[in-house]
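Note that chain A is present in both complexes that follow, paired respectively with chain B and with chain C.
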Partner chain A sequence: MTYAANPKFAVGQPVSRTEDPKLVRGAGRFTDDINLPTQLYAVFARSPHAHGVIRGIDIAAARAMPGVLGVFIGTDIEAGGFGRMPCGLTAPNRDGSAMVKPSRVALAVDKVRFVGDPVAVVVAETAAQARDAAEAVVLDLDPLQAVTTAESAMAANAPRIHDEAIGNVFLDYHYGDTAKVAAAFAQAAHVTQLDLCSNRIAVSPMEPRCAAGQYDDGQWTLHVGCQGPFATRNTLAREILKAAPDKVRVITGNVGGSFGMKAPLYPEYVAVLFAARALGRPVKWANDRSESFLSDGHGRDHQMHAELALDRDGNFLAVRITGTGNLGAYPGQATVIPASANVVKNIIGVYRTPLLEVSTKCVFTNTAPVGAYRGAGRPEANYYMERLVDQAAREMGIDRVELRRRNHIPADLMPYGTPSGQTYDSGEFTAVLDKALLFADWNGFEDRKRESERRGLLRGRGIGQYLEVTAPPASEMCSIRFETGGNITLTTGTLDQGQGHATPFAQVAAQRLGVPFERIALRQGDSDDLKAGGGTGGSKSMVSAGKAIVEACDKVVAQGRQIAAFVLNASEGEITFNDGRFAVEGQADRNLGIGDLLEVIGGGLPLPAHLPQSLDVEHIAQTPPSTFPNGCHIAEVEIDPATGVVRVDRYSMVNDFGVMINPLLVEGQAQGGVVQGLGQALMELVIYDESGQLLTGSYTDYAMPRAEDMPELRFASHPVPATTNPLGAKGCGEAGCAGALPSIMNAAVDALSKYGIMHMDMPATAPRVWQAIREKAPAL
Partner chain B sequence: MPNVSLTVNGKAVSRDVDTRTLLVQFLRENLGLTGTHIGCDTTQCGACTVHVDGKALKSCTVLALQVEGKTVRTIEGLADGEKLHPMQEAFREHHGLQCGFCTPGMIMSAVDLLNRHKSPSEETIRHELEGNLCRCTGYANIVKAVQAAASAPRG
Partner chain C sequence: MGDYVRPAGLDEALEHLARRPYAVVAGATDLYPAHVGRSLQGHLLDISGILTLRGIVRHDDHWRIGATTTWSDLIAADLPPLFDGLKQAAREIGGRQIQNAGTLGGNICNASPAADGVPPLLALDAEVELASVDGMVRLPLAAFVNRSRSTARKRGQLLTGILVPQPALPCRSAFAKLGARRYLVISIASVAAMIEIDCGLVSRARVAVGACSPVPCRLPELEAALRGAVLDKRLGDCVTESHLAALAPIDDIRADASYRRAAVTVMVRRILNQLGPA
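Moving on, here comes the complex of A and B:
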């Protein structure tokens, strides 16, 4: 057999994905596709009110309904010895005190705090029976006033959502040297200010959340779509089940998208496990989309006052961001990072701004908890900065391209230490900008504008030059097992939710070991396989798993060298390894490939006890630093002044993702990020009314981009390899959002500046734009 | 419970069902054909798209009893054994899917689109797919895949 790497699948090749033949046949295994023998079905009774004291939960009628085997409420879960929903975050308040962490029982016991808060779980023989019975649960509430915005939650007379959180403040975050920043602003020749909103998003992966719990003689199993079974298992074991980790198993099959939303542990998962133990049968639950809108973690919802201080020549002196993050009703499932630490890390971007200050109040409201959404603060910070830059350029009469160039961190200053404590290893920001201008035909804009105007349309162009600080990869594992017959199984603790890990991971391993790509399969998603695993999130998988794979391959080679020395009757020091072959130095004909070694081992040649007995390895890699993907996106929009409709007509991007292991998939990630950015910029907004009722509870009210809303997405690269990880890769998963928000909104404002409109918030929907135009040009 | 008899992927099937059973539930739960997905409850996402008597239809919005005697084709019935249908092949080749959850419905809609438009323009493709949501891909490669399938030789 030929057992060698085929250059067709080398690192850098656009190899199509190995999982796709299955997925295009509908043969994926998403959580709801799994049915466990004797399983029961769970449906949740949820609060119809946004805020209220629970007087009683009457489950008698539900319990008596046909097919119902159990109805459980929060006090049952407490009595059953389960822990409360965990909140792993710790960040100090600006005065040094610790942030408050109100606890949450999986099913609400004392109060309900948002519409959709689960209060009871009904378990029946069929899903339809469980649904019928859930409607018969009677919740007796003393309603309280609700607050749904950060501003109203902090008002003096606002109701308190959690007793511990005074003024409903979860975290009073601060970073920076207030006095120095103030001095810079005082000395500035010009200060640009904008009030900017990062609108609330329904994350909406197409696969709704789903879970199935099992309990068997002290052994727990949870089937669930998450972002990393290792961490999910550990949290579940330690915080909820109070069980040894080896008594808990988390299994994840295909995940139909997550974008941050499926990362935390949700109360429903706890409830199905509780019910499974109580009833002695597996219990499955699948969210309806209507429930997803209510109960999934939402994204964004920040309101910021953004300020940029410049000297006479347009050099940036300081940036200051002050505002709020609406965190929804509970900690734990919510995360403060997007509104706080990630603004700090990412607001510097590609510019030499020497000073920064970020102050954010993260507050509780009577809305669904707000968690991570693609980028988790990275796109927002880039959005704030790039909006400020365009605004400053307009106000100071400096060309927006020139203003950017003037403030770029020059490539020859790398590695560059930012005032937020990051060390950029690489990046050529001016070159990226120049390439993007050419690629987008920036100079041809005036002709296109005239053409648009002939058709009665406004036209604008916008730049979004971003840099993202990806998540520092957590320690990550890779095991490599050589199966009988020559197949190879890689196992990592990262978890695919559509990114396509299997293919690039195999490309790396095939190239490193000189083995056939087609023989390599990736195993993920079973906590029992894992000794470590940071999961997937924050654009870190290729970097963290990549490092683990490279190091694991090195271990395979080290073991192979020892065995090859024995087989070739040479000393270990004489053995070289090149292109997949072990050879005796200087005697190229005395050589063995990995395939030959496998045959030797498989053939039963007895190996001395001091040698490795196989090529199999299990490796845990230590954390490499964050990477700094960056790029420049240029959007051109057309706006119909008669209707306010904004349409992105051209979209061009140049990105630096370092070494792209598989450019086909990298481009796909960038495109996916851009569509989500376009959605946030122009269409998407979660709206609660004053009483806390969700008005955007279905796809009829919540607008998500469809094929027709998207322009052609033109993609080009300016790769500068990262120097801090062995593959030279930079995280690409969230970058599309970071480029899209500012480029599209800067283009919209550019078009509207014709009417003297200098600001437009996201989402720039037709009614908002139409209204803004009417205010400036009533006669139109 | 009433009985429903129909043809699914070329095979005659007959089952007793609860009257409120939706076609998508019938396919997934009664027949174990889990390739047809459920992405919403308001007929908006298209993840559940199948063909009924040769036409694309959202199986979440029709009762199993309503398809009595009809012929249903699901994503599982599209390939010719080992050989993928040209549309499946085009999605695979052009990276027209990421998580793959919208994909079965997207492919069933796209096949229906090509049944009605021999060589659709990009605009037509985008317009025709308005009933199918994808949160992952940005649609760029989906459009590319449909274009490729449209120009592939058809058997």
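Moving on, here comes the complex of A and C:
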């Protein structure tokens, strides 16, 4: 058997995901598949009211129910010495003061703050017993008025949700030079303004949240679906359990989708650990879908006033974004980044806009906490800008393609420093646009429009040219272990949630080391394996883990060179390494493959003590800076003016993801992002009523896109390799949303402009579109 | 939960029903979502084991659809154009798994204002057959589904079949629904129509609308206006707002009443145009 890399698994090949055969057979190991010996089951009693002072929680009846071993409330957790739910992220307010961080006990003690706020955990021998008993928990509340929108939460007479947060403002964020931006707007020949909503989303991964906690003689173990066990372990140890990190182990198996939602530490995880210690047996909890709608972090929910200043020729002078982010009831699980820093970083996009100002108030409301969701502010910022560009083009009578070209950052200005402090290493934005126009048959639109009109339908086309700033640098780990028999275990601190890490990571390692792809297995998800690891999020894993893998492979080669020199009786400097073989320079017949070296080492050949004793390495890398994936998506929609039904008829995208390690998986990521973007643009919307009750609590009332709603997603690439990481890759995981929101909505507005409609908010549902048409054309 | 019984024969089922109240289930596709997170109260009579209640049979002057006939059974059945509308509704009810489990009888007895099976059956002038230990009775479907979430089924009665008269003349039928998506969704509005054709003219028309009134209902004024009309691609042009006066659409999070009223007018026009010659 040869022990060498097969070119069909090389970097750049569309290799199918190696985990799929296992997953389609149902042999995946998701958290709810974990069953620990003597395990008990937890169910949470949750608040049915959005806001109220807790007068009492009567657990006596629940405690007496069959099979129940324990019922715990927030005061038990406090008395047990557990820390409160942390809020790790921080940012200063615009006046320089610190952001308020109200603390949260895992189970509410003083007040409940949203419908679904957990107040007690019931633990029983079976899940059904726990469920029955949870219904017997009696929550005695003095109801308070609820506020569900940022606007109503900031109103003068609004009830205060957290004592510390005056006006319910969590963070009063500001970026930019107000005076300079104001001057630019004052001098502008034209100002375009839009009020834009990024609608609240129920994240809806296929696998609901789940956790199983265990405590054994001072050692804690949590099985949980998350986005990185290393960070989760550290937060849990430091903030909650007050334990040394080596006393806490977080294990994650397969994860059925997260999209940012499963990243934070949730109160349920704390409660199962508390219950496991209190009862001396493992405790498992799994959310059902109804609870997911109530208690998972939601996504988006921003309301922004967006303004673009242009000179007479259409050159962008400044962009200003002012608005609010509805963060829901608690910090910690919520994150301010999508409504603040990520707007700043991403609003610049592909354009030479010299000035920007972003002012956002992140506000508490009596709704589920709002966290990261695919892109976490990146798609929104691109959406705001691309809507402004189309609107400005319409208002100024400039062709929207020409207006974009005129303002592109030219390729020859790379590296380019943006006013938001980023340095773009690469990008050919005009070329991407031109390629997309051809690919989408932009010029054939009029024929298709006439054909739609023959069928009584409106047709519109829209461009979404985006650029995303992927996650910032951190440290990331890769270890490579050569098992007896020749298999190779790659361990990384990133964590797959369905992306398919195992395949491209192995492609990189196989090519670097010249070893068989099929022999490489990826190990992730056990904090005990890790000494670093930022996890997966912000479209960074291929770039960050990729650099760690490349550097770890280099270390393997360095060690191999030393051992090969000894075995081949040559000096280390004479040893070359090519295609998996160590050879003595100029004497090609004196060579050893990595497989041969493994046999030598495994065969017990004594190696001098000054040499490495194996090829195994463990490496911590400083990950590369953010990458700048970009692209141009072009959508064409048909709208039935009589019913308002919007259908995306054509969708074409050209993306620059740099070097694509595995183009098959990259295309899959782009497709998934577009599907979620289409859902947000056309149908998804979480609705609370005024009292804070969730009206869209099931898929009966919350519309998710299905295959039937999707046009063919045509995918093409214009790869410009990143210069800041060894693979030349750019992040691709979230870009689909960034292209889809503006292209689809610009197309919808384009179609509706026939009636003089200049604005439509997401989601562009049939009743909303119909209403807008009716207001402009009542006779229709 | 109380008792659960699953008899193999109709007589046994009727004896159970005569003894005490049961919730009757077959596919249980409405029962489960109505009990998410809540335990079932009362007794359950599962009639899915009674084989004689399932299937579609042609008789001299009518068709009989057994109460536990599933939507998938209906889609697969070899039926004349009379049933095109009902089949179209079947294809848009839930996803395939729901179509495999959900039954026509259950859809009727659940009496949802948005029940997609009811408008096409109203357009077919269907009757329901109710059995009890005292014997068999028939009721027009419109009289059976009498209020939102309520039927005229009496204690001890079981809906055993749906009877569809065979018209004397050639006919056509169609169904359309509007929702946030096409499938797996509660309708914003649904429309069904059936016409009998005599020498290129409409000799009889029945049009029914769902999700725009407490129970799906027919539009008699429109049906009268269609009688004698030339069957062409502009059949729907005669529809006026007054023809839809019987409807009382509501506001909810899916759509408001004014939208429903306007959209259903458009849908009625289109479905009638669609019935014209190809």
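Simple rule for what comes next: the second predicted complex is superposed on the first by the 779 of 780 C-alpha atoms of A that agree within 3 Å, B and C clash if a C-alpha of one lies under 4 Å from a C-alpha of the other, contacts with A are read in each partner's own complex, and residues count from 1 in each chain.
In this section, contacts are C-beta pairs under 8 Å (C-beta built on N, C-alpha and C of every residue); 3 or more make two chains touch, one makes a residue touch a chain.
Everything numeric here is computed off the predicted structure, so don't read it as measured data.
> Going by the contact rule set out at the top, does A:562 touch chain B (first), chain C (second), both, or neither?
neither
> Give one of first, second, both or neither to describe whether A:691 is in contact with chain B, with chain C, with both, or with none.
The answer is neither, since A:691 touches no partner chain.
> If you stack the two complexes on chain A, which partner ends up touching A:683: first (chain B), second (chain C), both, or neither?
So A:683 only meets chain C here.
> Tell me which touches more residues of chain A here: chain C or chain B.
In the superposed model, B touches more residues of chain A.
> Looking at the overlay, what does A:643 touch: chain B (first), chain C (second), both, or neither?
second
> Per the contact definition in the header, classify A:708: touching chain B only (first), chain C only (second), both, or neither.
Touch partners of A:708: chain B and chain C.
> Does chain B (first) or chain C (second) touch A:753, or do both, or does neither?
A:753 contacts neither chain B nor chain C.
> Touching A:700 in the superposition: chain B (first), chain C (second), both, neither?
Both chain B and chain C are touched by A:700.
> Looking at A:475, would you say it contacts chain B, chain C, both, or neither? Reply first, second, both or neither.
Once the two structures are laid over each other on A, A:475 reaches no partner at all.
> Quick one: classify A:765 as touching chain B (first), chain C (second), both or neither.
Only chain C is touched by A:765; chain B is not.
> So chain A touches chain B in one structure and chain C in the other; where do those two contact lists coincide?
Residues common to the chain A contacts of chain C and of chain B are 288-290, 698-700, 705-706, 708, listed in rising order.
> In their complex, what parts of chain A are in touch with chain B?
Chain A residues touching chain B: 16-17, 19-21, 23-28, 30, 32-33, 128, 204-208, 254-257, 259, 286, 288-290, 497-500, 664-665, 667-668, 671-676, 698-700, 704-708, 710, 712-713, 736.
> Which residues of chain B touch chain A in their complex?
18, 20, 28, 33-42, 44-45, 47, 74-76, 78-79, 84, 88-89, 91-93, 95, 97-104, 107, 125-127, 129-130, 132-143
> Please output the residues of chain A touching chain C within their complex, sorted ascending.
Interface residues on the chain A side: 131-132, 288-290, 642-645, 683, 687, 695-696, 698-701, 703, 705-706, 708-709, 765-767, 770-771, 774.
> Mind pulling up the chain C residues that touch chain A in the complex?
Those in contact with chain A are residues 33, 36-37, 39, 178, 180-186, 188, 253-256, 259, 262-263, 266-267.
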